[in-house]
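Following are the structures in question.
Both complexes shown next keep chain A, but they swap its partner, so chain B is in the first and chain C is in the second.
Our next item is the complex of A and B:
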């Protein structure tokens, strides 16, 4: 039985296909339309999933949408009623969208199927939003049973849930409801510190290590009332999202020493301290929720999903606390992963199909490499048609050549194998470089990514070597855990760093791996498994043979505001627009200096809306 | 046309939802709200909200 999961209309629309419970394909719509966080119905991702499975649309048995639109609409109406007459303008903008689009999911699905010349499947499933998240976290996990914690902005009414999962059964045992939401609280601070909601949350997390948690007590005293079980109530007098167009209001600004930082303006000490404070509070709440989840389920393993599960600093703390024996986080923890979860919830939940016990302690996400792949024949034809000079290599020589380029301080765009599903590039659509270089962080931030300088890069290391570099003895295949760099690798702080200029501060070496060591001596780790991604592993292994260090920088293959590249054409365009030195397309390696001159009609930097 | 075909199903779903959750007030409310929304804003371009809750 083939079920297509779909998430759409909020942010990060996506589609995922499962066949008898096995994950076949999954991709975000943004990768095809080139619109970051695209919220439109994922026609392209749906078509890709069908093509990847080699089936026609009429061979599908069901479509699963990742939430219940009617329940969500009820929540919206009830919210407006509770605020009325305030919120009228907001209502007048929101309701037409619902009338035109969001309530008509079967019609949207049918339109896609009609465009493919077939009728849609009879079965359409609507699992709840948080059930979709929980299903995406539990069913692909390596555990036979687990507690599941989902934390995000809001679904229908739920904003956080605790589930008890065993075999095919997944049962919600506790829920926290809107408007009280850890995801929305974090997004409120994201907005207030000048970053974009639903996009800039990870920037706030990256800014936190620069600050001190001086507002943490104020948050706990005046903004939220946290209970021992991790649930909390928010002081709604401080927020604008119930009846307005902004997350926070004037009362919030008064409490936190002035108005919200305008986007793109200078980041001040206040924003750093706010970032640190909300991060500390978030970690405290997540730990309390996890302890409570352990108590109410009695399970030894924890699975997590929902946007807050992408907070890898909180995840690292959770792992360190050892509340659970093992932790697994869905790599597409945000709404995109809801597409996969909806399909799995339909299969194991509505259809009551059994879940085989996970084999060899491995998850079934296939490294999250679930997107499109381009063969060497396709890439060769593309290069030839465009007249782009390239050299083709056999696997061993390919890895050695790339490793040598990294050692030569080249910045390399890597586009090979299947594209990753989820927000992280995990070595198949990545930009890589030398983690030992003191200049690489600055070079890659300003000349390649064109983004704020304060954000750190993440390392990819051989799975077997992770404990050589970091204070962690677990694997982190999806770059969702943060851990300290080993003490013996670190350089002691020099004086009061908080007085330094931000750019100078970030570029100050802190370890013998300066490009990936954040100002708090931490790193967001990806461990690379030879069996899961042999190509990427071979590159890092070759780099280790050359330099003695089995670790490199890995950042997503895009510029600021651009979705991660999908096709060889996307990759070549990004390569030529930036100061990257080498481009790897499958088995081909391209050198920048040998490429024809690159011309564009318009300034490409205006093409992408800054995130 | 596609929406017209599915409108019966949608209204039925709403009624079912109201019955199951015992929130009968939602049926006339929805009719009024939909009417207001259609009359007041029909034809105006509304931009998507940036926050998930809407």
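Our next item is the complex of A and C:
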């Protein structure tokens, strides 16, 4: 039985396809439309999933949408009912859109199928939003049973849930309701510190190590009333998201010493301290929720999903606290992953199909490499037709050549294998470089990403070597855990760093792996498994053979504001627009110096909205 | 991965062969086809307009002669659209069409702003005050709330049946 999962209309629309419970394909719409966080109905991602599975005409058995639209609409109406006469402007914008489009999901699905020549399947499933998240976290996990914690902005009414999962059964046992939401609270601080909601949360987390938690008590006294079980209530007098277009209001600004930071303006000590404070409070709540989830379910394993599960610093703390024996987080923890969860919830929950016990302690996400791959023949034909000089290599030579280029301080764009599902590039659509280089961080930021970032890059290391570099002995295949760099690798702090300029501060070397060591001596780790991604593993292994260090920089293959590249053509475009030195397309390696001159009609920098 | 799958996927998401720059002949042919399409569309729109105008003139106008003027205006507009499509499909007609879309969009926005606020004022506002008097607050605004020991809602007693997945609520 083949079920297509779909998530849409909020942010990061996506589609995923399962066949008898096995994950076949999954991708976010933004990768195809080239619109970051595209929230439109994911017709391209749906078309891709059907193509990957070879589905034609009437071969699809069901479609699962990732939430219950009518319940969600009810929540929206209740929200207006609770704040009228305020909220009129927001009502005039939201309600017509709901009446015109968002309430008619089956019609939206049918229109896409019609354009693809696929008949509409009989069954359409609508799992609850948080059940979709929970299903995406539990069913692909390596556990036979688990507690599941989902925390995000909001679904229908739920903003957090605790589920008890065993075999095929996934049962919601506790939930917290809108408008009291940890995801929205974090987004409110994201907005207030001048970053974009739904994409800047990562930056806020990256800013936190520069600050002191001086506002943490104020947050706990005036903003959020937290119980020992991790449940909480928020002070709604401080927020604007119920009846307006801003996350916070004037009361919030009064409480935190002035108005919100305008986007792109200078980051001050206040923003750093706010970032640290909300990070500390978030971690405290997540740990309390996890303890409570363990008490309520009695399970030894924890699965997590929802946007807050992408907070890898909190995840690192959770792992360290050892509240659960094992932890697994869905790599596409945000709403994109809801597409996959919806399909899995339909299969196991609605159809009551059994879930085989996970084999060899492995998850079934296939490394999250669930998107399109392009064959060498196709790439070769493209390069030839366009006249782009390239050299084709056999696997061994390929890995050695790339490793040598890294050692020569080249910056390399890597586009090979299946595209990753989820927000992180995990070695198949990545830009890679030498983590040992003190200059590499600013080179990659300014010449490739075109940004000045206070966040260091993330490392990819051989799975077996992780404990040589970091104080962690667990796997982190999806870059969802933060851990300290080993003490003997670190360099002591020089003077009072808090008085230094932010960008000077970030560029100070802190370890023998300066490009990936954050100011608090931590790193966001990806461990690479030979069986899951042999190509990427081979590159790092070859680099280790050459230099003695099985670790490199891995950052997503895009420029600021652009979705991660999908096709070799996207990759080539990005390669030529930036100062990258080498491009890997499948088995081909391209050198910048040998490429024909690159011309574009318009200034591409205006093509992407800054995130 | 089989080569069939690979081909199918590439055709679906990366059809670079089809996206190649057209030759001058292909571009010229595409322009001719586009103009023909616009011409056809303009003529159809004119025919529909003339039919409606005729209904006003000969139908309603037969009983109420004042309505004949609507028929005459309608027929003039329809004829103008039809003629512009035949004479200048990619120029004048395309501009008229763009103008109509812009006007239709703003008429839609205007209607929304005209029709939706009364619902807000006559439904949401009074009910808000009624609920407030009845102390119903779905948003649970009390802060802090020492009366509650937990803010988790217990759903463990709820039966979560397979049929639940087929409902949109």
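The definition used in the following text is that the second predicted complex is superposed on the first by the 608 of 611 C-alpha atoms of A that agree within 3 Å, B and C clash if a C-alpha of one lies under 4 Å from a C-alpha of the other, contacts with A are read in each partner's own complex, and residues count from 1 in each chain.
As a working rule, contacts are C-beta pairs under 8 Å (C-beta built on N, C-alpha and C of every residue); 3 or more make two chains touch, one makes a residue touch a chain.
Computed from a prediction, not measured in an experiment: that's the story for all the values here.
In the superposition on chain A, no contact is made by A:331 with either chain B or chain C.
By the touch criterion stated above, A:32 is placed in contact with chain C alone, chain B being left untouched.
Contact with chain B, but none with chain C, is seen for A:197 once the two complexes are overlaid on the shared chain. By the touch criterion defined above, A:92 reaches both chain B and chain C. Touch criterion not met for A:240: it reaches neither chain B nor chain C.
By the document's definition of touching, neither partner reaches A:427: not chain B, not chain C. By the touch criterion defined above, A:74 reaches both chain B and chain C. In the superposition on chain A, contact of A:227 is made with chain C only, not with chain B. Set against each other, chain B and chain C differ in how many residues of chain A they touch, and the higher count belongs to C.
Taken together, the two complexes place residues 70-71, 74, 79, 81, 91-92, 95-96, 178 of chain A in contact with chain B and also with chain C. By the touch rule above, chain B contacts chain A in their complex via residues 2-3, 5-6, 9-10, 13-14, 17, 21, 23, 26, 29-30, 33-34, 37-38, 40-41, 44, 46-54.
Against chain B, the residues of chain A that register as touching in their complex are 10-11, 39, 70-71, 74, 76-77, 79, 81, 90-97, 99, 103-104, 106-107, 110-111, 114, 152-154, 178, 183-184, 187, 196-198, 241, 245, 247, 335. Looking at the complex, you find that chain C touches chain A at residues 1, 3-14, 16-17, 20, 112-113, 116-117, 120-121, 124-125, 127-128, 131, 137-145, 148-156, 158, 160, 162, 165-169. Against chain C, the residues of chain A that register as touching in their complex are 32, 44, 47-48, 51-52, 54, 64, 68-71, 74, 78-85, 88, 91-92, 95-96, 105, 123-127, 162, 164, 171-180, 225, 227, 229, 231-237, 242, 292, 296, 345-346, 349-352, 372-375, 377-378, 382, 385, 566-569.
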